[in-house]
Amino acid sequence: MSKFFAIVAGVGAGTGRSVALKFSKTYPVVLLARRPESYEPVVDEINKAGGRAVGISADTADRKSVDSAFDRIKKELPDAKLAAAVFNVAAGMSRKGFLEQTPEDLEASLRGNALGLFNFAQSTIPLLLSSVADSPHPPTLIVTGATASLRGSARFGDFAAGKFAVRALSQSLAREFGPQGVHVAHAIVDGVIDIPRTKAYNVNGGGPDSKIDPDAIADSYWYLHTQPRSHFTLELDMRPFVEKF
Amino acid sequence: MSKFFAIVAGVGAGTGRSVALKFSKTYPVVLLARRPESYEPVVDEINKAGGRAVGISADTADRKSVDSAFDRIKKELPDAKLAAAVFNVAAGMSRKGFLEQTPEDLEASLRGNALGLFNFAQSTIPLLLSSVADSPHPPTLIVTGATASLRGSARFGDFAAGKFAVRALSQSLAREFGPQGVHVAHAIVDGVIDIPRTKAYNVNGGGPDSKIDPDAIADSYWYLHTQPRSHFTLELDMRPFVEKF
Amino acid sequence: MSKFFAIVAGVGAGTGRSVALKFSKTYPVVLLARRPESYEPVVDEINKAGGRAVGISADTADRKSVDSAFDRIKKELPDAKLAAAVFNVAAGMSRKGFLEQTPEDLEASLRGNALGLFNFAQSTIPLLLSSVADSPHPPTLIVTGATASLRGSARFGDFAAGKFAVRALSQSLAREFGPQGVHVAHAIVDGVIDIPRTKAYNVNGGGPDSKIDPDAIADSYWYLHTQPRSHFTLELDMRPFVEKF
Amino acid sequence: MSKFFAIVAGVGAGTGRSVALKFSKTYPVVLLARRPESYEPVVDEINKAGGRAVGISADTADRKSVDSAFDRIKKELPDAKLAAAVFNVAAGMSRKGFLEQTPEDLEASLRGNALGLFNFAQSTIPLLLSSVADSPHPPTLIVTGATASLRGSARFGDFAAGKFAVRALSQSLAREFGPQGVHVAHAIVDGVIDIPRTKAYNVNGGGPDSKIDPDAIADSYWYLHTQPRSHFTLELDMRPFVEKF
């Protein structure tokens, strides 16, 4: 088994699952989600397939919860070093008009997105730094962004505030820790992801491939992870071929 | 006296003072700051010059504080309608390396910047909407941004997170309320402002005009306010002629 | 009469006319257009109103034509110094699908937009530099951009190529000559301008102010021109309140 | 041998060579360069390694030259269909101050970059469209960009004008032909590429991996080519871990 492991925060039925499956082919993976029912099916799927997965309930917006998750990781994988960390949490899209939004709507986005990444990065960056010398690929922190990372649309101010903040943090981390050998990347998911929850969504005319295949996102994340340090990508976008933009 | 008034949140010795002075030539102005010593000298200066200024202690990051400030405004200016609102609050620049930053550092920025604008906009947008029909210029919400609104520099992640979030909110408000006649604008201050606190800063070689004159920012804000609705500017930048960018 | 003059390249019935009228209230103005019928009515309008206007036929994409126009200016205004130069030329929008576009379509845009600005800037920047010491406002070069300066839309590749190139040049000029005291600004016109040619266009629902008033653009250009050197704006956008963006 | 081929325009000792080698592992490759000495060593290298490479002298800025190259391709690979086209041409960096640049400097950049891509895309897009139904991966046009695609630095106006224009065209092509199944991508190379010509450049402190490995760029281009149509990336950046940005 690899001496290195990967961790994915925000694992459900979509991108998080695909990313965990992809990285589990090389590394033991730790899966974080707020509720066990989110990660348990994926943990089972990986373990049955011969990989190694550990699921831990954690709310990345809550510092104590994150700290206790990383304590648990030390016990579960005592000698493992961190090769890759993926922050795939999205929170706080109220879809209300601005005057109907509450301060709690905004805070749910700011905390769920920005504070979540902050807490996750404060726990993972030191581990990634200590893997620089010997990890098979430059240790990597990958952050999932969205259309709202680049554009504050009408009625999406709360969500966009959180996603813009996440992009700011990602850039800042890339500039501080890139020169120390840690690769930070931010991926703009510009489209609807093809997951069970969105099956009924009729987007882009509804034809084949009109939603993003989460396995393709996972391939992109693996590709980002395996880039050499002479060639770090900070940002890329991804959208279905029929998406209007 | 004008039936319309202006309000400036974040008044100290710099941009807020200049903006309040500028707008006081046309409107009574309400000045918000957390501490009376921040707005009192400006209130005195305006009232002595024959204008009308009201200072109110308020923390825009605190909803109750904002609500009570707007209750007070109703009493002080019972028949006045809002023509212009300026959000000039900046908060949360710890200047620490990321691993030295605390969750509280990030929250100070997210709350001081993004939640502050959110609360201020929820109080002012309804008033601005009700002025659309008869205000002398399209009712305006102007938001002060910074270099960190566009760029997450190393060691500035906390501050940039807050400023990116403010820009997201500003865009979203512009897209929702512009078509209803309210002008939302976001100004990127890219340079050091020439205020008492920065006198000793030796930037851009230290020559004349190497820092931004806050009176010039006030002129820009007035210019934004007086744009007709056939020509709304969402964003402009401002920097000293010698600034590197 | 002012010792300083202004020059506007690209004068017809819209923005160029409004800008020339606005600047003529302070400076003698030189109007450039390829055909006399484009500038003659504006020249007459200004001269009848008591201003001073000189119209010169010139194609800014043609170096010799530009050189001879500036020779003519020296004769017409022998002692005048240049305070402001406005490049308001747009060219090369074929509105064809890419596979129907010809190399000539692309070249019309590249030459009309980018080479035009290049030639105009090579003639005006030295004059603006020599005005730095004594002009009433920092000598200014203002460039008209468009939505296509920021976005390459489907079927607008030829036009966007030229407008992107113009924006690149404007940024480069701002960074080279700003520190020498010349203000270079680039204005993004994001919407249809309300001119005789567009009267019949039904945009944004067709209500009042749904197109940009060219006089408001002229006000913005004058505002940019009068900014002090401690506060230079490189870029601002302008759009009708009902414009979708 | 694959029924599909790839074509790379702009092949020398750097990115073009690495890309040609990478794609030659799957497809016969056509290499375009203005002079045979640029592509001949790469053609030999590929053919000796058991691949199939055809070198053709062509100047992409010259329509007739491009047309005759594609005539030649039809003869050399009569039954092959196009799977991937890479435009890797850069031209027109005079590195002169603006006032020392000539119209020819600017035109060299506009023609070499923008007209070059235009001609290349007009020849390749129809071929790529006809491969949509059966190519192993979505037919792809990949364009090499640079820092100057996003930023007009002082003294780089001529080069940036050309590279901005190329980015505009790439976006426009992506929006027009993406929904038809052709993947257009634009890669921002932000750093010095590690090739023989740059061996002596001491950038970023000069340590290991302080320049971009062109083989890593080739890996990125291959990765872009193999993305499924449910997940097209339009733009990604690439820079050495120690690059300041």
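We just call them A, B, C and D in the order they show up, numbering each chain from 1.
One rule holds in what follows: contacts are C-beta pairs under 8 Å (C-beta built on N, C-alpha and C of every residue); 3 or more make two chains touch, one makes a residue touch a chain.
Worth saying up front: this structure is predicted, and the values here are computed from it rather than measured.
Student: Walk from chain B over to chain D along touching chains and report the minimum step count.
Tutor: 2
Student: Please tell me whether the contact surfaces of chain A and chain B are same or different in residue numbering, using the over-half criterion.
Tutor: Chain A and chain B contact each other through largely matching residue numbers.
Student: Quick one: superpose chain B on chain C by CA and send over the rotation angle as a multiple of 5°.
Tutor: That pair's rotation angle lands at 180 degrees.
Student: Name the chain whose C-alpha centroid is farthest from the C-alpha centroid of chain C.
Tutor: A
Student: So how far apart, in whole Å, are chain A and chain D when each is placed at the average of its C-alpha atoms?
Tutor: It comes to 31 Å between the two C-alpha centres.
Student: Suppose each chain is reduced to the average of its Cα coordinates; what separation in Å results between chain A and chain C?
Tutor: 46
Student: Round to the nearest whole Å and give the separation of the Cα centres of chain A and chain B.
Tutor: 34
Student: Quick check: what residues of chain C touch more than one other chain, meaning two or more?
Tutor: Residues 175 of chain C each touch two or more of the other chains.
Student: Connecting every touching chain pair, does the picture come out as line, ring, star, complete or other?
Tutor: Chain contacts: single closed ring, each chain with exactly two partners.
Student: Determine which chains touch and list them pairwise.
Tutor: A-B, A-D, B-C, C-D
Student: Within the complex, which stretch of chain C touches chain B?
Tutor: 138, 175, 178-179, 181, 183, 194, 209-213, 216-217, 219-220, 223, 227-243, 245
Student: Which bits of chain B are touching chain A when the two form their complex?
Tutor: It is residues 63, 97-99, 101, 103, 106-107, 110-111, 114-115, 118-119, 121-122, 125-126, 148, 151-157, 160-173, 175-177 of chain B that touch chain A.
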